[in-house]
Amino acid sequence: MATQLARPAYAEDLPASEQAASQRANGHAPQATAHAPEATPHAPDATPLTRDDRIALQHYMLLMRAIEERAMSLYRQGKVPGSFYDGRGQEAVSVGAAFAMSPSDRLCVLHRDLGAHLVRGVEPPRVLAQYMGRAGGLTAGRDGNVHFGDRHLGCVGMVSMLPDMMLVATGMAMAFKLRHEQRCALTWCGDGATSRGDFHEALNWASVQRLPVVFVLENNQFAYSTPLELQFAVDPVERAAAYGCAGVKVDGNDVEAVFEATRIARERALDGGGPTLIEAETMRMHGHAAHDDMRYVPPALLEHWAARDPIETYAARLEAEGIDAAALQADVSELVERATAAALEMPMPDPSMATEGVFCEGEAEPLGDGRAPWSAYADAAAPALARASEVA
Amino acid sequence: MATQLARPAYAEDLPASEQAASQRANGHAPQATAHAPEATPHAPDATPLTRDDRIALQHYMLLMRAIEERAMSLYRQGKVPGSFYDGRGQEAVSVGAAFAMSPSDRLCVLHRDLGAHLVRGVEPPRVLAQYMGRAGGLTAGRDGNVHFGDRHLGCVGMVSMLPDMMLVATGMAMAFKLRHEQRCALTWCGDGATSRGDFHEALNWASVQRLPVVFVLENNQFAYSTPLELQFAVDPVERAAAYGCAGVKVDGNDVEAVFEATRIARERALDGGGPTLIEAETMRMHGHAAHDDMRYVPPALLEHWAARDPIETYAARLEAEGIDAAALQADVSELVERATAAALEMPMPDPSMATEGVFCEGEAEPLGDGRAPWSAYADAAAPALARASEVA
Amino acid sequence: MAELTYLQAISDGLREEMRSDERVLMMGEDIGAFGGAFKVTDGFLEEFGSDRVLDTPLAESGIVGTAIGAAVVGMRPVCEMQFADFISCGFDQLVNVAGKMHYRQGLAVPITVRLPSGGGFSGGPFHSQNPEAWFMHAPGLRVLAPSTAQDAKGLVIAAIRDPNPVCFLEHKHLYRRVKGDVAPGAWETPMTARVARSGSDLVVIAYGAMVHTALEATAELDGASVEVLDLRSLVPLDEEAILDSVARCSKVVILDEANATCACGAQVAALIAQHGFEDLDGPVTRVATPDVPIAFSPPLERALLPGVEAVKEACSELLAY
Amino acid sequence: MAELTYLQAISDGLREEMRSDERVLMMGEDIGAFGGAFKVTDGFLEEFGSDRVLDTPLAESGIVGTAIGAAVVGMRPVCEMQFADFISCGFDQLVNVAGKMHYRQGLAVPITVRLPSGGGFSGGPFHSQNPEAWFMHAPGLRVLAPSTAQDAKGLVIAAIRDPNPVCFLEHKHLYRRVKGDVAPGAWETPMTARVARSGSDLVVIAYGAMVHTALEATAELDGASVEVLDLRSLVPLDEEAILDSVARCSKVVILDEANATCACGAQVAALIAQHGFEDLDGPVTRVATPDVPIAFSPPLERALLPGVEAVKEACSELLAY
């Protein structure tokens, strides 16, 4: 008969968070309250967002936008090598989805999802340093732009080949399920990327094995210059059912809608309900990259979406609740100025490091936990933050 | 503005059949009646099969089975190198689908679809020689088993990597559409092969561009030892609609049902209605290959399908119509004995040929037309047969 | 004669073939409305229409696979990979379907796969690769890698006209940096090597962007007479020209922008070590990128890619041998 | 010590690691209920259960990609390609995701990809390939290719324990033809070369099935003392052992079952031509499969793969040099 994995021996080798998760799954008491939300993974169904949560959502969206705007000006000053890709207009998708994830969940973050990195706890100076290829960037200059993930924060950096990370996230979920852990993997995917085989292999695989994984399809109307109608004849969210996967469509410019869809998908995943494909409809408000003037985009389309800017619409909602959105903006501006100054002081990498680290020579270091600022994870946030600060 | 392709200059370089097709598409009179069915591509809707057609369908199914049985005994005698793969139980799928195709249609034939090769006009001795790696085999010993396609008969031989040929067929259809030709591409695909990315890329691409291509999903319950439930959570024919592709399911053991579904799909393709995914439900009655004892297959499942043997059930139907099915069997047996004798007389290839032909050194030779024995194509059959006999 | 950049020369060659042969069509991501990520096919959609300039879905296996299908029924598809790096996603169709088709069944597959390759501009690990050795190691594929504007045009035309699958490596870093007089009309560059500079003391063998590095590094080198051989075609590899240069110069430096192990340079070195052995007056010296992904940050990238200094040093050392 | 076939030795190594380390899991097509196309994992499903012995969908990119995902969260997946040839369908995940992960972000990817490779039994163009050079040319991948039962066990264990992605080439033609005493328990073979027979007049360098061809061809060769060096590991490549053999023997024949161009043998030849140049008493001689798909029919396949006679001839000629 099959070996029972009741209490995996290898759990000892896992980092604290992975151990805790394994133990919970096996009926052991979690260490203190470090992962309280996972011990009670079912967050309340109604209004799970507090006033502070809402402030946090707006904060991360503003921070993403401010960093990217600042980076674009650094790019124009010749301080960002290569090209520069941003996620303007899509802030709600990355922030909303990441906000629903617990510290021990694992994320593969895409190129327009800076907000997700910020939610997980990546420090702004390191992001700007990353763009500029500085030693203090998240890949120490080895990779550029948003091709990063902070492994200390439970993130795996994307490769350019789209949507390869869907399979990586599926594999993480496979491990979680096999180890009976209450954890979930999440990744994003573009509308263009849906055309590649890996999209199919991931959705099929995750559905056959009912894996705890969430795919957020960031439908921003274009893949570089290619419009949706040249990419697919039928909205790909329709495919979910044909794989045996839950599929939902949300307004990708509504950060709470994205959050809520992700929260529900995560619950489903932890309950053994299998994967979810969430399509978030949004718009890429900038060119594919800094060099792209987007002349192929009908101006009316841009206007339509400009009127639905995720940050502005959310600011109005917050103001209606008595939150001073302008003050949030001011805080963020200052934060980014400080971050820029810090990043600009960081040195370029030492050329002698260029050939280091192709192979892992010692023990494999595990992924750490990310920050999870959602109030439902309040108790979990502290250690993750601490770990985040260990990183630098 | 775009160049009009009203009368492509390159049509001159095409083989006669491709020229004829182009000319028809451009309003030129077809040469004589060589492609009559294509000039009137809409075959009658009711009972398109004559008595002779029915005899032919049974003939090809019997021939496929008899050749494969004979080959299996040659394999056991050590005369077939490598392993040996057959399509026992699936004769109706390959014969029924191929029977609906016109001479100028193009087919990528799969490993369990010997019947399709036979319908297109491949001579039995060459098939047996192919299995035995003889010089007279269709690949002159370079490839084995059913990894062949007779380019003189409008067929492209499969590669092992499944389902790569779906993209090749899609590309053929792309050319047909671009050249405004009334032609269709067809390929088969296994249930297992649906899990690979190329299945997705082909269905999506063909649907976006509404290409004249037919995919016959040969659901024979297993991929090697892997049962359907480990391959997908939802029947893949359900995916067709989510690509924007027609999807139909037929009894794969009923040769007329397969024929009819393919005929309709082909009409749709020629009418600009885009691709069709036909799922033919059947059963692989032998192991994956000669070495496989199929102990993973529940005996009851085999019994269930044995009672629905495509050849036996069709024989009963023919008998009811007054056709002497036993006589057909006797003819085929004799034909295969002669073919075996002929194949056994063919020499093994000359080792000095091993390094020849990796590159095409002269002009690219075009694909020729295949035989199309369906009575609706009657006039077209003669030249194709003649061309087939030129091959050897 | 017009002075064209390397990029313009490729466009020019493609346009010539599109105009003169209606079997030719262009396929790729963003090659139509946008004119291609590097604008190589800018204006093609307007001139030739969307039937022949196909903006495809984001699917490299699909691009290569459907190109093969179109090719075997009489078309001459030219596929663009947005960056050479993405060929990994269409690798199977290329090596297994295209590469083996003619040998197995005598069916030619006249496709050209355009591969904007190479580093030098902070493209990072996924936009800087030189994958040619993978193709060289896959039977049945031709592999071309021009270094000049003239050859870029003549070889892209040769690629399209060749009845075989051709991997056409166009070096991104040369696109706008390299210019030259390019003859108008349609003509082919032969798939042979070219002596970029003749010499007698040492030969540097290179292709693509590295030809320019070789020329610069050896323009004045302790007064030595340094030959530079530009391979241009990697499959077929002009073994005769290589051995001839070695016979005349007796010393050889082989330069590769690709990762060193099993690179094209390794093959050239092996060829010389076997068939040019008696002509050698010193070790067969290689300069190549170490086996490391190409880093993004300029100081790291510079440390990885073979530069003028590294080539100078290798040549000087060998000259002194 | 038990006498095991090469195949049994691999099974044994896998089983040891499955028993001692619950992070290890097996994934692949038909590896569970069927025990694998070659029966390497026969009985594993019964012993370890379907959680750890995964019969996957037919999807190589999926197999490699999900293995990477499982690996980065603490598992040690061992993936089986049903035949090495099918890695072309998972090539992108292997070279781009697995191979570059640690360099880019310090995240280790401890996966083992088992690749039943090689020809010699009429597998034809798609079941006979030796794809190792593709991996050698992709930074960040280890590449192992044992020739004996002992090393097959010790290296598969080393592969699983290594924190990096490892391509493990198990030669199908050795599975049941090669036997040897294999120590019980769990132990690792170092990723270094092994002198399979020592000698002083000439060294034949080989790996995998070709080691046996080399040994047979040179068992008695005009009374010469022929060394045979079994590389065992291609990445890392034991350059020291190679150069040491060359220094002692002065003549070298490099033997490859893979297609010749840019093969492992080309790299070894290039290494010797540069760093062993002064020790050479004759051309660096290569024997390899020509750049042709591996044909199905026995006389054709025999004509392509390097055989005992070809090796003998190359050695004799070089000895006489």
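Worth pointing out:
All chains are identified by letter, namely A, B, C and D, in their written order; residue positions are counted from 1 within each chain.
The rule is simple: a contact is a pair of C-beta atoms (placed from the backbone, for glycine too) under 8 Å apart; a residue touches a chain by one contact, two chains touch by 3 or more.
Nothing here was measured: the structure is a model prediction, and the numbers come from that model.
Between A-D and A-C, more C-beta contact pairs are found at A-D. Averaging C-alpha coordinates per chain places the centre of subunit A 39 Å away from that of subunit D. Inter-chain spacing, taken between the CA centroids of subunit A and subunit C, is 38 Å.
If each chain is reduced to the centroid of its CA atoms, subunit C and subunit D end up 30 Å from each other. One finds 47 Å separating the Cα centroids of subunit A and subunit B. In subunit D, the residues that reach two or more other chains under the touch definition are 56-57, 59, 61-62, 85, 88-89, 92, 96, 100, 103-104, 125-126, 139-140, 291-293. In subunit B, 139, 142-143, 147, 159-161, 195-198, 201, 204-205, 208, 230-232, 358 are the positions where the chain touches two or more neighbouring chains simultaneously.
Shown here, the protein chains touch in all possible pairs. Residues 85, 88-89, 91-92, 95-96, 99-100, 103-104, 125-126, 133-134, 136-140, 235, 237, 258-259, 261-267, 269-270, 272-275, 277-278, 280, 282-286, 291-293 of subunit C are the ones that touch subunit D when the two sit in their complex.
Interface residues of subunit B, counted against subunit C in their complex, comprise 1-3, 5, 8-10, 13-14, 18, 106, 138-139, 142-143, 147-151, 156-157, 159-161, 164, 166-176, 178, 185, 197-198, 201-202, 204-205, 208, 357-360, 362-367. Interface of subunit A with subunit B (complex): residues 195-201, 204-205, 207-208, 210, 229-234, 236, 238-239, 241-245.
Listing the residues of subunit C that touch subunit A in their complex gives 29-30, 33-34, 37, 55-62, 82-83, 85-86, 88-89, 121-127, 290-293, 295-304. Considering their complex, residues 21-23, 25, 46-52, 56-57, 59, 61-62, 64-75, 77, 92-93, 96-97, 100-108, 110, 139-140, 142, 163-164 of subunit D touch subunit A.
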